[in-house]
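In the two complexes below, chain A is the common chain; its partner is chain B in one and chain C in the other.
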Partner chain A sequence: MLRYIIKRLLLMIPTLVGVAVLIFLLMRVVPGDVVELRFAGESAFASKENLAIERTRLGLDQPVWKQFLTWMAGLVRFDFGTSMWTGAPISEEIRLRFALSLQLAIMATLVAVMLAIPLGVLAALKQDTWVDYAVRVFSIAGLAMPSFWLGIVFILGLLIVFRWLPPMVYTPLWVNPVQNLAQLIWPALAVGYRYSAVATRMTRSAMLEVLREDYIRTARAKGLWQKLILSRHALKNAMLPVLTVIALEFAFLMGGLVVTEQVFNLNGLGLLFVESVAHRDYTLTQALVLLVAFVFIFVNFLVDLAYAWIDPRIRFR
Partner chain B sequence: MRRLSGLVIVFLALVSALPAAAQEKPRHGGELIFVVPSNPPSFDAHREETFGTIHPIAPHYNTLLRTDPLDKTGTKVAPDLAESWNISKDGRTYTLKLRHGVKFHDGSEFTSKDAKATYDKIIFPPAGVASNRKGEYQDVEAIQAPDPYTIVFRLKWPSASFLNSLASPWNWIYKADTLAQDMRWYETHVNGTGPFVFVEHVKGSHWVGKKNPNYWDKGKPYLDGYRAIFMTDSAAQVAAIRGERAMIQFRGFSPSERDSLVSALGNKIAVQESPWNCLILIAMNHEKKPFDDKRVRRALTLALDRYQGSAALSKIAIVKEIGGVQVPGTSFATPPAELEKLAGYSRDINKARAEARRLLKEAGVPDGFSFVYKNRGVPMPYEPVGVWLIDQWRQIGLNVRQEVVEAAAYYGQVLRPGNFDVAADFQCGYTVEPDLDLYKFTSKDKNAANYSRYTDHVLDELYEKQGRAVEAEERKKYIREFEKRLLDDEVHYIYTLQWHRIIPHNAKVRGWTITPSHYLNQQLDTVWLAE
Partner chain C sequence: MAVTADRVEALGAEERRRGWADVTWEFCRKRPLGAIGAAVVIVNLLVAVGANVLAPYDPVTTDYAAMLAPPSRAHWLGTDAFGRDVLSRLIYGSRTAMLVGFSCAFVGATFGAVIGVSSAYFGGKVDLFIQRFMDIFLAFPLIILALAVVSILGTGISNVILAITIPMIPRAALVARSSALAIREMPYIDAARAAGFRHRRIVLRHMLPNVMASYLIMLTAFLGQAILLEASLSFLGLGVAEPVAAWGLMLRGAAVQFAESAPWMALFPGLAISLAVFAFNLFGDSLRDALDPRLRTQ
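Right after this comes the complex of A and B.
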């Protein structure tokens, strides 16, 4: 098992290097650069001399291969450089937003899991009854409604009914839990609902498949309690595909909630990502892509470990 | 009926806001919470171009002169750190007397040494330091500080706009010793003489300032502090004002956003509106056929029914006023009756379009001629204005296709390399001042922002003459000539509608006056909150 873990961890390195090369090249292909955007743009008085000074300062006058090597040399030392737009260290730019995005992803996952697993199991057990239909309607509605739209509905509802709006500035959970939850619970519900819809449907179909397996029939024939059959034999095995869906969604939430973050004015990674691309902030975009890629790879790695824990056959292979 | 009642509410909100503010005695205390729809890239206004730097950070600073915070035209110059000024008879020497007893937030005293170091950084930056505003001060020959409370600017030639340039909201006064040690220090730190001192900045989230207890203008500021919340989404901004989480957003809202706020909050909201010194220009590439032919360019402007366009677009977009080269209502603006004589400004649109068709035919442009209009990928107001233009040109037999280019790539990929036939261009000034507003239209060998790519030395000469004319009437004459040549005789550029600035704000916010620029009036020293 240890050998398996080490092998998987080592495999992360070439994957991340591949992502680094790809994003570096892609950013250079996109038209426009940060200097043009920031200092030329609309100004009638912008001079070529100024643009040249700024490009030199940011190293954009260097050949692309040299820029790449400089960046890679920094990465090896975990130095992501500074943002070309703000001049602040990349680590500082990301650290500020990471806590919020991570907390929101965790909260949305909790909402999704708490809804999806009981509802999915219930729908499978009560297949083709009104309970199943109700759960299906609930989950299809979740799939049909974009989370940012639901977010707008929440905001308007709170404004019109309660004349109240969630706080606009992020307060860390350990500083003021009430303020923190008052801000994040709404996007967590909006995102978690859509997220739960996918997971509910996956739980239902996986449960239906498992409940038809021979070993479940055997367990029933042995006279095992229904609760025991469900929890120990059915649910555990049905969790494999559900876990994959939950993990992929979690990784997506870390950088993909752009519109939801805009709607709730959340200072998260998604918004930072979009702004960095719009500003042609090469260094920041590259670092963010690497971070999101790392989250995806790491979460997948954890899922694989969980697979091994849930399904002994995987462990012994 | 519902629409009518909405309009009545807006009107009442408009007319009730200002007189009430004028009559009341300012009240001390409270924190102003406002929304900023952009983030500051750095804290140094000398190098930035965005209001995202001005709005949250300007309250920490003063400038030598400022525009009068009560002047709605945003053109009247008032003292700030310089309490008085004197202009020599030849118009080439400006002597400014500075205030005594002004302190930076770190406790050090402000003197002419600081003012000189600041302007040296802007106008004569050392090698390797970029100054985005250097181009505005080509007339400055030397800066001198003969004593601690006097600063002298010597010009190469008389300049009608120099005082306004000294009132630029970008030219915050920095400390000389700090600049001497590190020219880039102000990009990441704050130390001004302004009415508020720095408290906190969380990137992407908020900026906080508190009252400067040692402010030189005794009794000010009225507020205990302010909090700027960075918020890019306009729906979230509206929700913040509506939910009373924020009191004002100083850049501007759209007409529909204004209406929704007014109908939701009634008398809790006040609305201030003004022509905006920003507009979309139409650049026609003189290096491409048939736009090298002035008859074709003239046909394009004749096709526009600006009066109908203003009435229709002002309901859905942030455009409204019909103007020439100066914002309507300001001192050098052409009166409406005179404006109507210019090509494309006539009220008889049928006659104008018949003339446009005739010109196209004469120039050999066939009916149904196609070209691409390149538009900037910014929805408001580029999108509605683009749709309107295409419809107008269709009515003279032109078949125009719109191509929207991402905003970040627009200048670099479309305008600068001349990769277009006809394209949207943009101009936005911090104050209504012909020297600043007209420079863009000088020949391409003089300025890189002439995207129509023409050379017109007559226009260059007129620009120079108006800039050096000390008498207002003489200057006005040259500006009119410039305007006629630019928009009528040669039609180098087409002016669309002037932007229209709409600020609906919490009625408690007093002491702030709208101007045609969203860069002005952001020191917040005169702002106060009613009970």
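Right after this comes the complex of A and C.
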């Protein structure tokens, strides 16, 4: 098992290096740089010399390979450098936003789980009845609605029906939990509904598969309660693929909520992404992409690990 | 002899034609939800093709006398902040959506299938290399890839199509590879190899047609995703540029700003997106069940 874990961890390195090279090159291909953009606002001072001085200060006059090596050397020491736009340390810039994005991702995942598992089980039990169809339509509709639009509809509905607007300024959970939840519950519902769809369908098909197994028939034949069969025998065995789907979606939520954050005026990682690309803030964009890629790969690794732990056959592949 | 051969051929043709009708009928009867989805898709396509005939107004003509007008007999779904007719912009917007949806899905699924099948066929080092390369793209946040492409090339419909297609390719390759792995072990591939066919011929003529089921499933799944992505990018101002009619673009700016006083601006484009994607997903879902119930792609 230990060998398997080490092997998998080592395999993460080439992928991450590939991501690093890709984002590094992509950002350099994008026309314009941070210095030009910063001076664009105050064009009076934008003489050639000033631009050159600023570029030297940021190390942008170095050859590209040297810039890459400097960045890599910093990464190995967990030093992400400073933001080219604000000058603040990148770890600082990200930490502020990370808490918000993490909380939203957790809340959206909870919403998705609370919708997906009961609905999926229900649909499997009532296969090919109108209940099954209704669950299916409900979940496909979730996939079809853009969550940012659903967010707009929520805000509009609250405004028209209750004459109330959710707070638009972020308050950390530990400062004022009520205020914090009153703001974040709406994006969590909008996003969670969308992400429940895949998990619902996965729960349904996994349940259907498990319910056909011999040991379920045995449990029924010996007169076990239906409730007990479902919770102890069926659901437990159907959960693995469902957990996989939910884990992968969680990884995606950590960096993928760019548009929803915009609608709810949330200053999370997604918004930081858009801003950093718009500012051509190379260092910050690179760090963000690497962070999101790392979360994605690491969650994938954990899922594989869970499989290997449960099913020893996979380990020796 | 000649007569008999002709008759046999005619019979065969009739059989085939009936076969198609039968298959369609069977699909509609067994999967009513899928049939509804297909019907909505067809209506959507017709609307896109006939937009210039169907739309009551020009989608880009501004009319400052009728700014933010609520739905009325003159403007069924109201007007936007520039006095443009919302219904006409929705109708023309389906052109953008269908164009983006079909081209992204087709190109993305096709390239992905060719790469995935080749990867499975050649195996070994080639497979490992392609897989690692695809892993990089999979781990890369999709929206950043799109952001970068649009920043490099500028906004506009063809760049949006490119920005959406690129992240689809590795996802398609992944699915195609896993179904091609099983096919590679089939005796007829060995036979083709023994017959001395070239690699290209084996991949394109023998393997690709046999991953058709997963290809079609991917294609229909990508259609809806592409439309949603285009809407998100346009909403961010990174997609189709004004004044082109696009659903995501209609939700941007004034639609949010005036959401309370003019909710029709925010509601109808979102409904159009949802209905279109819903129909594609409904159809794709039923197609998947019909073609291969074992496949559980997302």
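Operating definition for what follows: the second predicted complex is superposed on the first by the 280 of 317 C-alpha atoms of A that agree within 3 Å, B and C clash if a C-alpha of one lies under 4 Å from a C-alpha of the other, contacts with A are read in each partner's own complex, and residues count from 1 in each chain.
Everything that follows uses one rule, which is that a contact is a pair of C-beta atoms (placed from the backbone, for glycine too) under 8 Å apart; a residue touches a chain by one contact, two chains touch by 3 or more.
Bear in mind the structure is a predicted one, so any value in this text is a computation, not a measurement.
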Considering only the touch criterion stated at the top, classify A:L159 as touching first (chain B), second (chain C), both, or neither.
both
Under the stated touch criterion, which partner chain does A:L125 make contact with: chain B (first), chain C (second), both, or neither?
neither
Contacts of A:I106 with chain B and chain C, given as first, second, both or neither
neither
Can A:I216 be said to touch chain B (first), chain C (second), both, or neither?
neither
Contacts for A:A308 in the overlay, against chain B (first) and chain C (second): which applies, first, second, both or neither?
neither
After the superposition on A, what does A:P31 contact: first (chain B), second (chain C), both or neither?
both
Does the superposition put A:G18 against chain B (first), chain C (second), both, or neither?
second
Mind working out whether A:W149 is in touch with chain B, chain C, both or neither, as first, second, both or neither?
second
Is A:N267 in contact with chain B, with chain C, with both, or with neither (first, second, both, neither)?
first
Footprint intersection on chain A (chain B / chain C) at 30-31, 152, 155-156, 159, 262-263
In the complex of these two chains, what residues of chain A are touching chain C?
14-16, 18-19, 22-23, 26-27, 29-31, 133, 136-137, 140-141, 143-146, 148-150, 152-153, 155-156, 159-160, 198, 202, 205, 241, 245, 255-256, 258-259, 262-263, 270, 273-274, 277, 285, 288-289, 292-293, 296-297
Where on chain A does chain B make contact in their complex?
30-33, 36-51, 53-54, 56-57, 85-88, 92-93, 96-97, 152, 155-156, 158-159, 163-165, 167-170, 262-265, 267, 271-272, 275, 278-280
Would you tell me which residues of chain C are touching chain A in their complex?
33, 132-133, 135-144, 147-148, 151-152, 224, 228, 231-232, 235-236, 248, 251, 255-256, 259-260, 263, 266-267, 269-270, 273-278, 281-282, 285, 296, 298
Residue positions on chain B within touch of chain A in the complex are 39, 41-42, 47-49, 128-136, 187-188, 202-206, 229-233, 235-236, 239-240, 242-246, 406-413, 416, 426-428, 436, 439-440, 447-449
